[in-house]
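So, here come the structures, one by one.
Common to both upcoming complexes is chain A, partnered first by chain B, then by chain C.
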Partner chain A sequence: MLKLEALEVSYGEKKILNGIDLELKDGESLAVIGESGAGKTTLALSLMRLVDGSVKGKILFNGLDLLSLPEEAINELRGNRIAWAPQNSNNTLNPVHTILNQVAESITEHKLKNRREAGKQASILLSSFGIPVNRFSAYPHQLSGGEQQRVLLAIASANQPELLILDEPISSLDAPARAEVIELLKHTNQDCSFIVTTHDISTAAKLADKVAILYAGRIVELGLSGEVLSRPRHPYTRGLIRCYPDMTTGKDLQGIKGVMDRSVNGCSFHPRCTQAIEICRKEIPPLRLIQGRHIACHRGGIIPLLSTKNLSKRFDSLLAVDAVKITIEGGETLALVGESGSGKTTLAKLIMGLIEPTEGEIYLEDSLVSNRGKDFYRQVQMIFQNPGESLSHRLSVLELVRESLDIQEIGARDERDRLVRQVLREVELPDSEAFLNEYPHHLSAGEMQRVTIARALVLEPRLLIADEPVAFLDSSLQAKILKLLLKLQEQRGLSLLFITHDIAVARKISDRIAVMKDGKIVEQGPATKIITSPGHAYTRKLSQAALDLSLED
Partner chain B sequence: MHINPKQEIRHSKFAMFGIGMLLFLLIIAIFGPLLTPYQPNSQTPFAFESPSFNHWLGTNHVGQDILSQLIYGARTSLLVGFLTALLATILSAIIGTSTALAGGLYDKIVMRIVDAFIVIPAIIVIILVAAYLKPNLLVLILLLALLGWQGGARTIRAQALSLKEMGHISAARSFGASNLYIIFRHILPDLVPILLMGFIYGVRRAVFMEAGLAFLGIADPTTVSWGMMMHEALDFCYLNVWRWWLIPPGVALSLTILSVTGIGHTLEGALDPRLRREANA
Partner chain C sequence: MRNVITYVIAFLFILTLNFLLPRMLPGDPLMAIYGNEALIAMTPELKAHLVERFALDQPLWQQFGAYLLALVQGDLGHSYYYNSPVSSIVLGRLPWTLLLVGTALIISTLSGIVLGIESGWRRGSRRDKSLLTSLMAVSGFPDFFLGILLLIGFSVTWKIFPLSGAITPYSGLSGAALVLDVLHHLFLPATALTLSYIGASYLLTRNTMVTVLKNPYILMAKAKGLPDRVVRYQHAGRNALLPVITQTGIQLGRMVTGALFVEIVFAYPGLGYLTYEALLARDYPVLQGVLLIVAVSVLIANFLVDLSYSKLDPRIRYAH
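Up next is the complex of A and B:
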């Protein structure tokens, strides 16, 4: 019923919307999600032909091109077949009319009913939106923000429009009111299509069948809301979801590095993207259908960085790693959880090539890893279990951190020393001459762990395997190291394979969790799901055995 | 475990004696030609002389000055000792670390060769080979070195195998380090005390072997050495003169071996905590 073709809106030189293609069928609902400034409101306004910028492209509403219709025809449509509920910013309602009159007015204007009848219908509508009868003759300023919002929604749905456009419909409401209004919207608009613009992911998930993620005036990902939100495939979508606090995820909030900038060449997200390559800087990616989802990304969405297939390792009679199949995606944290002896470290060593697999393959970005040369290790790095052991007692901090650069023969001596200082600052260690000349046995456990992180990071790897990086630390240090890893992930787009025996720690840091027992992955999935509804008995056991600060009665 | 060989030696009287003695011998050996009153091979008409002002330690059966011979003998002993030990230690380090790190077929073959050599008594092989080859000093050194690396290689391989599994070496590997880098940067520095001890015992063994071979008369007769002196002196044991002739090389040899043992013993004690005395700690 609604079709947008190459819609472009610009205010002067500034392009707000940039080639939007969308299609909405009868009765379908679409949520447009994006951070502020992405162009959501402009999109909503352009559907009503209310933007004052220059508009190009086509907006087809049941075959009518809204952009070429005469003004009277548009007026006839607006508020009648296409209705709009604006963001409530306290001045959208007319302050000198009672709310009942305002609802009735929108009915009389289009349906040409007499005032009595319109008033009657308006009061039905208002009460269905939860406004008590004794408030019908109130003026807007006498209502609470939530009530005002409901009135706006009642006005918008007054004429049973075919298309309802809701601009941030409930972001000004408190949580209980929100849930109620969502129910109402769903109920009253069963056979009407609607478009919701919002920055609130949970609203989108609850209201709409489909979501479109808008970034800098372009749609970057489009798909069914359940799928997109539970398994985002565009880096930006994942970033947005990571920013969003909800009651089920345990992972700490992470931002997206940088700020939105519309003026960049190529893919507008590339300066903030963690997997940008050359082409991303030059060309704008079109929105393509990739494996059942529309994604605008040269790389086809989030790439699987490293995957193992049927990976096994046998030590004599012990099958330490048994046909393991895991995939670590670019920029995500996969936590590998299991008790000691379950084969976690063996798996890490297999990936690093420190031991040879009995069977199975490892793929780095779809190419089979056979002989690991220096370039493999430049991309994949590991933090070993015991920081004290993995630091040679003969080398100073400078030599330790520089070792990886020395081996990889990166830069001249000065350049290496500069990189060492830079990475030390990044892991929040001093870069003073005195500290550079310290030997490991003079460092504290936390400092040692940071040095091991620094020497792995100085190569700027894309995947960091962290083997129990916090198991040796007390909880305050543990918290700091976890925060540091998350910060580095946000800034560098690092993928993490985080190995831990502690599911509580895994919950705080991971996007996905894989549970390992006796060499097998018994369960893997989004962290939220594994934590809240573990499918395997062993996962439940791990969760129950995890640390718990609540006291028994 | 961080072992500081210098400190261990400084705390042991035995080792200090060894070092002092060895230094003394080295100085004598190096400056030998300046110190000797006579050429060791130049013959004088005065045979079988007792110690006198002209000949401090007397002369032998052809009138050669025994002190001069003793000093030149020190040169031979130490040259053979140090060069053989150096070669053998280098060989054992190369073979021990490479087998440990490379593993596989190479490791298996080389280790079986080592086993074979260890089973065969080296002294018999050397006597037989020397009897055929009539080796000069250089060939003798090579021969002794070739027969002297196997035990060391085995020890070093064992140590390298356990070092290989250590965290900092895995870490270096995970930066993409080659075996060569790992051997030179990480394994060899950790093996210094063991290599040093192997070297010291190598010196002792080579000095002793060279003297033994010369004593048995299997060495180059033109080389002046303590073993050769004893060999020649022994022919005249029915005369009274042998005392002045036989005792000096015997004492010199004993002192050399004792001093080397002193150093080795101390190092061994330092390396093996079970041999470490509390007082030294």
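Up next is the complex of A and C:
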């Protein structure tokens, strides 16, 4: 019913929307998600042909080309077959007319010329949107923000439109009212197609079948809501979801580094993207169908960084790792949770090549890892459980951190020292001469663990395997190290394989969790799902055993 | 309610001023109250009567009491120049001024609003620019100067309209013919006043329109698919009206002053012309009477504006 072809909207020199292609079928609903300034409102208004800027491309509504229709014809459609409800702000409703009149006006102008009949119909609408009868002749300023929003929705629904455009429709409502209004909207406008613009991911998930993620005037990801939101494939989408607080996420909120900038060349997200390569800086990626999802990314969306297939390790009679299949994506945290002896560390060592697998393969970015050279260790690094043991007591901090640079033969001596200082600052350690010459046994446990992190990070690896990195630390140090890892992930796009026995810690840091028992992965999935509705009995047991601060009466 | 108190205070202030001013003039208060004309007719009996009438031998506050008492009885004093009570002179002239000022006020405000809405709706269009230029030019002229131009053009040269007065004297007209005659005489002075005051309401409406159009409810109205005309008047114009109405109240006072000059130009027998005559004759009682009546009328008009304001803007109605 609605088709957008290469829609472009610009205000003067500034392009707000840039080649939007979209299709909406009868009765389908689409949520357009994006942060402020992404062009959501411009998109909504251009469908009403109410943008001030210049509009290029095509908007086909049931075969009518909206952009070439004469003004009277488009006026026939507005508020009638295509309706728009904006987010309630000050003066969205006309302050000098009663709300009943403002609803009835839409009806008299399009369908019913009889004022009394229109008034009656408007009353029915207002009641169904939960406005009490004695408020009908009230003026907008006498209503609460939520009531005003309901009036706006009633106005939009007045003529049973075929397409309803909701621009941030329910952000101004409180949570219980939201659910109710969403139900109402669906009920009042059956068979109607929706376009909802929002920055609120949960609204999108509830209202829409499909979501389109808008970034700097372009759609970067498009697909079914459930799929996109539970398994985002574009780095921006994942970033957005990580920013969004909801009752089931356990991971700390992470931002997306940088700010939106429309003026960049190439992919407009590349300055904020942690997996950008040369082509991202030069060419604009088209929206392509990649494995059942529309994604605009030169790299095909978030790349699977490391995966294992059927990976097993047998020590004599003991099958320590049993046909493990895991995938770690770029920039994500996979937490590997299990009791001691479940084979977690063995799995880490297999990946690192510290022991040879009995069976199975490991892939780094789709290429089989056979013999690990310097190149592999530049990309994959590990920090160990006990920093005291993993740091040689014969080397100073400077030498410890610089060692891998020396091995990899990166830069001249000065350059290496500079990199060491830089990475120390990054892990929030002093970079003074005195500290550089310290030996590990003079450092505190927290400092030592930071040094091991610095040592791993100095090569700028893409995957960091952290084997119980906080188990030896007290809880205040533990919190600091976890925050540090999350910060590094946000800034560098670092992938983490986080090994822990504590599911509570895993919840705070991971995007996905894999639960390991007796060498097998018994369950894996999004952290939210594993925490709130664990499928395996063992996972439930781990959850129950986790730390609980609540006091019993 | 608070409004009413404000008006009462303003009214009392005007009364006090009207009472105090002649009494504060140097010299004989009787002279100040009655002017030169009274001296000629003054006899000892009359003087004694007047001193008693104004309680001039009593302390000031008793004089004020006597003044108020006289006012309540409708006694504004006596004009020895016209040899009749001031109240009847002033009331006899009041309708003409009301007719002139009322007509000019209504026409200039209404057309100013309509033109302002049209102009502001498409700011920068050719229509807007030509309206703006011509109305600015016209309202740049002083009202009496416009009056003189109109008088010379339409009465002296083309002889379409009468030269002076409000009705043709001794014509014995009645009914519709009388109404036509009155309108015929009214046309030029009312036009002069209208033209010189239209600019203010036009400019204000136009400017208010420009800001009103930025409001989200205008976009909302367009999104409802309402015809242009409805968006322009029902939604934008209706909201642009409020400051214009306030301004009209303020304008009224200025227009009464304007009428003074225009009435002189056209020898139109209203309060303005009366003031002019009284000034020439130093007929103080009449001047005071006119001052009082004009001040009170402006007060009443402003009060009415205030009342209409709350009708126009529901936000004010419920604010109290």
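What to note about this one:
Keep this in mind: the second predicted complex is superposed on the first by the 552 of 553 C-alpha atoms of A that agree within 3 Å, B and C clash if a C-alpha of one lies under 4 Å from a C-alpha of the other, contacts with A are read in each partner's own complex, and residues count from 1 in each chain.
We take it that a residue touches a chain if its C-beta (ideal position, glycine included) is under 8 Å from a C-beta of that chain, and two chains touch if they have at least 3 such contacts.
Please read all numbers here as calculations on a predicted model, not as lab measurements.
Overlay on chain A: chain B and chain C fit together in the combined arrangement.
By the touch criterion stated above, A:Val259 is placed in contact with neither chain B nor chain C. Touch criterion met: A:Trp84 reaches chain C, while chain B stays clear of it. By the touch criterion stated above, A:Phe384 is placed in contact with chain B alone, chain C being left untouched. When the two complexes are overlaid on their common chain A, residue A:Tyr139 makes contact with chain C while staying clear of chain B. Look at A:Leu354: by the touch rule set out above, it reaches chain B but stays clear of chain C. Taking Cα centres throughout, chain A sits at the apex of an angle toward chain B and chain C that amounts to 140 degrees, reported as a multiple of 10.
After superposing the two complexes on chain A, the shortest C-alpha to C-alpha distance between chain B and chain C comes to 61 Å. Contact residues on chain A toward chain B in their complex (touch as defined above): 349, 352-354, 372-374, 376-378, 381-382, 384-386, 388-394, 403-404, 407-408, 452, 455-456, 459.
Of all the residues in chain C, the ones that touch chain A in their complex are 215-217, 219-227, 230, 234-235, 238-239, 312-315, 318.
Chain B meets chain A in the complex at residues 2, 166-168, 170-177, 181, 185-186, 189-190. Against chain C, in their complex, chain A makes its touches with residues 45, 48, 50, 75-80, 83-84, 86, 89-97, 105-106, 109-110, 139, 141-142, 152, 155.
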